[in-house]
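Letters are used for the chains, namely A, B, C and D, taken in the order the chains are written, and counting of residues starts over at 1 for each.
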Amino acid sequence: MAKQHAFRTDTQGLESLFALLSDQGYAQMGPVVRDGAIMLGEINSFDELAQGYTDEQAKGHYRIKPIPTRGLFQYAVGPQSFKQYLHPPRRKLWSTHGSQEKFTIEEGNEPEKMVFWGVRSCDLEAIKILDRIFLEGAFVNKWYQQAREQLVIIAASCPVPSANCFCTSTNTGPKPESDFDIAIHEIMDHDCCYYILETGSHKGEKLIQKLRIQKVSEEELDSLERMIEKAASSMEKRFEPAEAADLLKKTLEHKHWDEVGSRCLSCANCTMVCPTCFCTSTEDITEITGEHSERWLRWDSCFNGDFSYIHGGKIRDSTRSRYRQWMTHKLSYWYEQFGTSGCVGCGRCITWCPVGIDIIEELEALAR
Amino acid sequence: MKKKKLAVWKFASCDGCQLSILDCEDELLTLAAQIEIAYFPEATKTVIEGPYDISLVEGSITTAHDAIRILEVRKNSKLLISIGACATSGGIQALRNYVKVSEYINAVYARPEYIDTLETSTAIADHVKVDYELRGCPINKYQLLEVLSSFLHGKKPSIPDHSVCLECKLNGNPCVAVSRNLPCLGPVTQAGCGALCPHYHRGCFGCYGPKENPNTEALALYLTQNVVDNHTMLRLFRNFNAASPSFSKESKNYEKQ
Amino acid sequence: MKNNEKTREIKLDYLARVEGEGSFYVKIKDHEVIESKLKIFEPPRFFEGFLQGRSYSEVPDITARICGICPVAYQMSSVHAMEKICGYKAVGFIDKLRRLLYCGEWIESHALHTFMLHVPDFLGYPDAIAMAKDHKDWVEKALYLKKAGNDIVNILGGREIHPINVKVGGFYRYPYPAEFKEVKERLQKAQEIAHSAAQWMATLEFPGFEFDYEFIALHNEGEYPMNHGHIVSNKGLSLEAETYEDHFSEEQQPYSTTLHTWLDGERTVFTGPLARFNINFEQLSETAKSLAREIGLYPVCKNPFKSLLVRMIEIFYACEEAVRIMDQYVFPGEIDDHVKPKAGVGRAATEAPRGILFHRYEINERGIIQNARIVAPTSHNQRIIEDDLRRLVIQFEDLNDELLTERCEQAVRNYDPCISCSTHFLKVNIERE
Amino acid sequence: MAQESDHAEVNRQSLQRDIWLPLLYTVKEKKTENRGIVTLTLAPSAEEAIEPMEPGQFNMLYAFGIGEIPISISSLWNLQSTLVHTIQDVGAVSKAFCDLSTGDQVGVRGPYGTRWPLNKAKNKDVIILAGGVGMVPLRPLIERILNDRSRYGKLNVLFGARSPENIIFHQDIISWQADPTLNFQITVDHAYSNWRGHVGVVTYLIEEANFDPENTIAFICGPEIMMRYAVHACLDANVPTDHIFLSIERNMKCATGFCGHCQYGPFFVCKDGAVFSYPQVKIYLNIAEL
């Protein structure tokens, strides 16, 4: 990190950043404690941000626990990702009025101007993947583009990865390196903490200038380095994305698919929590008079039967084939489609699988 | 255009599903303007002769008399839609299917001879051809409107058959199985309720019956190994959709403790 | 027109605008009623049987399915009975939230019954939709009222039919006060609607039909009864739910799948809004009392047709009460409302929209239900409905068959009989000779 | 992967509009092809029209209040801004189109997908193998070839239908049968006694075709099993692998690679296809439930 882009501040500094962005009319999204988990929500005052919590994750297991310090980022990623704001679970595409003889079409709503607080580096990479899908291909997703152009990203480095994290393998963390406006590094100093703010864009610099902040010292930067090293070395889960991509091409008929297919519930949780899964379906909702109709977009999943339905039946009828589609898409075909892996190593699909299926273990089984 | 004639029929049930029609407070008058309510005794004395364009059938078949009556309903209906868990899988009263009803009646009734009842409670589709089944205990009134509107206008109803889990995530709940170690039938249950129970911090208990492609076996195995005892597992599958084939089959695996 | 035949039959083969399936039959010979039957042919569903072997924690979910019209009532009676066994008493705000939930159900159920099922009788329409052609405004207001009630049940219970949030001990999830914001506004408007509807309904024509009934209702000094109180009557009865079974018995009839309830082996009772009002008038709020007086309603009102007006008073009161509870509510934070099972027997009665709903359970130390007994309001009222029909056909013998049948129907609806729930309990404990 | 240039124009267009918003078109003509199959001619309701289409491409057609489905362009004879689509009634949305009358409106998004690589067929013999409504996306190709007949070698059009009732494009068939520059063969799976033509699967017709295998291009569209057999018949007849092209069908919701439904191995059928060369999809064709 170049020292001229780094500054030291405390919680009050962050609060004034929050106030500044509020004044500029942004809707601010960030981690909050809700329903027994670190969720994402719109925060209307700074103290709504999750504070003083950590989490515990394992296969099919998640708990939050209060900690004595007032740290804002002392937990790993929760069940939700910022995908839900850039690519909402449900969105009205347009509505139409009239009859089959004559009708008119009205566009749906436009996105808000948003700030994302505490985007972990895996999720930051996930946003970059969504950019490739929705902005950099043959077609452009206009709504996403608008949301994205107005977005302010406040990233946060990850001090305590969970047992399911493997961003060191996917090369997506634990420290955000670029593509943010501001990055926050929360450094615990005994029971207190201070923050190193790093700017990553012109927009970020302009915001920082308006805050009361101090220069950062060499020792403070060293503490940051040590924190990142410690976080990185705490991750035990490992895999080789490029090898996985090759392996999956050769194992389409492997008998292990039957085995994992017998355990998988085809419930779709993994695809819902994944920050890069982008599949959607459309639904037409026609009012009882038949004169108005709305077309909605909603998240869909390759684990659903309807997903592959064509007249005459479902292409992927068995759970085995659905799990295979998910994993081969995510870890292999994604490269052909978008030039990267579809996995950013956040571990959500492992934590939130209700029967504790672990994508990396399944990969290892295929390799055997 | 001539209005389509709607009839609402009741068999063994709690009336909740047909009440859903009257619970469409915001849409009731619009609905009534689009459709002729030709037979709906819970709401009107008016009886207009059949045949009916659309018949909504609530309740399960539990008496010999009803087994005949449903044939008449079918004959009189162009389109027959069964609504609710009772009509689509036998409902809570299908719990009788797992005990010996005759002995049971003798034991409890002073005058068993007055009681006309069959050994089992069965779904409408077990007796006649059903054109569409709307699940739920109770049905979701918005889904009912969607089905009615779709059949009025020739659309395929947007009633997905995926898991409750998907709806759970769309609605922004954290999974209660993972975060609270609760037994949840969401992964094998069809969506439709809006993932209510997880939102209220409890596990799903299967109001909408099995989802498409349910892996009840894997879920039950995981839950009995990690979360609940066999008896609780049995009771979870023996609820409002006890007689739906996959739940019924799975529950039998846990009959012996 | 005077009817000269010796024998006359007044009957309706399918009673519409009630919940469930039933009919009535009255036979008159030489100006005397020789038979009066409210027949209920709803098939039995054996709930008491299903409950055996289930866990105590499942009762609110299973018993809710007895009746789609008043599931909250079933949840309330069942959790209270269970909590008595387990030696648990719900703390203040849990109790208040349960009362709030009940307010929601009363509003919803009464709005449905008064406007959509009963008023059409008074005005001569087959149903509320037909009535909407001439009285659209009232029908829309009725739907608004109904929705306001449903909104409460929705927030506290997740959905209006078979809500899922009630548990033995309290609730699975406690709402944030902010969730009440919108419904509170709706309720304030709903209360105004109830006020004007009561005034309007008071102008309808009520048959001059009175009787010195034995009204039974819950009663406690502190509040208009919903979840608590002892069972009292205007004829001196006063008992706790614990001794209910010493006094009330049920009898099976060949023509009906509903049991008939007797008090002390011979007395017929009247339960429901009119009974509640007559016994608990003093417990109503001042505003509700003055609305009642304004429309000429005082205890003891002996005309069952005026139940219509009493239901409006109760809606009015429940809207007011609901707002009061919401105003006082604060989010409890993390609380321990987990109840451990204990072996024993527990009984509870609460005031369903249609009257007293009694539950009794016996559970073992693991909380597994050994046996259950449930007596629904319509079982309590079954006798009195038949008696009313007897008296009615004699008093209005001059009417032609059609009009007399209509009058009888209207009289049955005074009780808002919820047939579907009343037939689920066919377990007979005491048989009368 | 796909022909990049195909998308360049579409891309420019989609930058101005939300890709989800259809343009309104009016049904100008409706022709019943057979029981449950109609051909609609659509013209833009206002000035704005979609970009010109090429054989093999498809549009997303929206029926008011009912839904949206992918439908191939079925004729490019008329190069105006009108669109010709042939639709078989198999479900709610396709039925809604079959029930439309002239003057009714529809929504159109497109054009989407890859084209039949006609340039590769220059100076070569051509086999066109169609199964059932699979003939729809192939007809514009036949039209193009006939329009510029001298550019191509021998032309074989082999058409298989389930039964005589499923045959479409009768008028074209009559003219193709009469055309000496074209070898047209038709077969049905099941027939009544008054059917004089072939009975049996379409792939046998390859034996009756007239072509120089090494110098032949094959274009195939039909049900997936039929295509698998057809490819093998071509290979058996020594048509080089990279001279075989086929059109794949998958569930589609967006047609722009956003919805994920049409994935087929590494491909999005909507933008990398629906037209693929056989080598592209070779390994995937034989994998069940892919």
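In this text, a contact is a pair of C-beta atoms (placed from the backbone, for glycine too) under 8 Å apart; a residue touches a chain by one contact, two chains touch by 3 or more.
Treat the numbers as computed from the prediction; the structure is a model and nothing was measured.
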Innermost chain, where centres are averages of C-alpha coordinates: B
More contacts between chains, B-D or A-B: A-B
Averaged-CA centre spacing for the pair chain B and chain A, given as whole angstrom: 37
Computed distance of Cα centres, chain D from chain B, in Å: 43
Averaged-CA centre spacing for the pair chain D and chain A, given as whole angstrom: 39
Whole-Å gap separating chain B and chain C, where each centre is the average of the chain's CA atoms: 25
Sites on chain D at which at least two other chains make contact: 65-67, 91, 96
Multi-partner residues of chain A (each touching 2 or more other chains): 284, 286, 290, 317
Per-residue multi-chain contacts in chain C, two or more chains: none
Chain A residues touching chain B - in the complex, by the definition given at the top: 34-37, 39, 60-63, 78-80, 84, 89-90, 262-269, 272-273, 283-290, 298-299, 301, 303-306, 317, 319, 351-356
Chain D partner contacts - residues on chain B that touch it in the complex: 153-156
Residue numbers on chain D that touch chain B, as the complex places them: 65-67, 91-93, 95-96, 99
For the chain A and chain D complex, residues of the former touching the latter: 93-94, 96, 98-103, 105, 107, 133-134, 137-143, 252-253, 278-282, 284, 286, 290, 293, 295, 297, 300, 302, 307-311, 315-318, 320-321, 325, 329, 332-333, 336-337
Residues of chain B touching chain A in the complex: 27, 30-31, 33-34, 145-146, 148-150, 152-153, 155, 158, 160-163, 165-166, 169-175, 177-181, 184, 186-188, 199, 201, 212-215, 217-219, 222
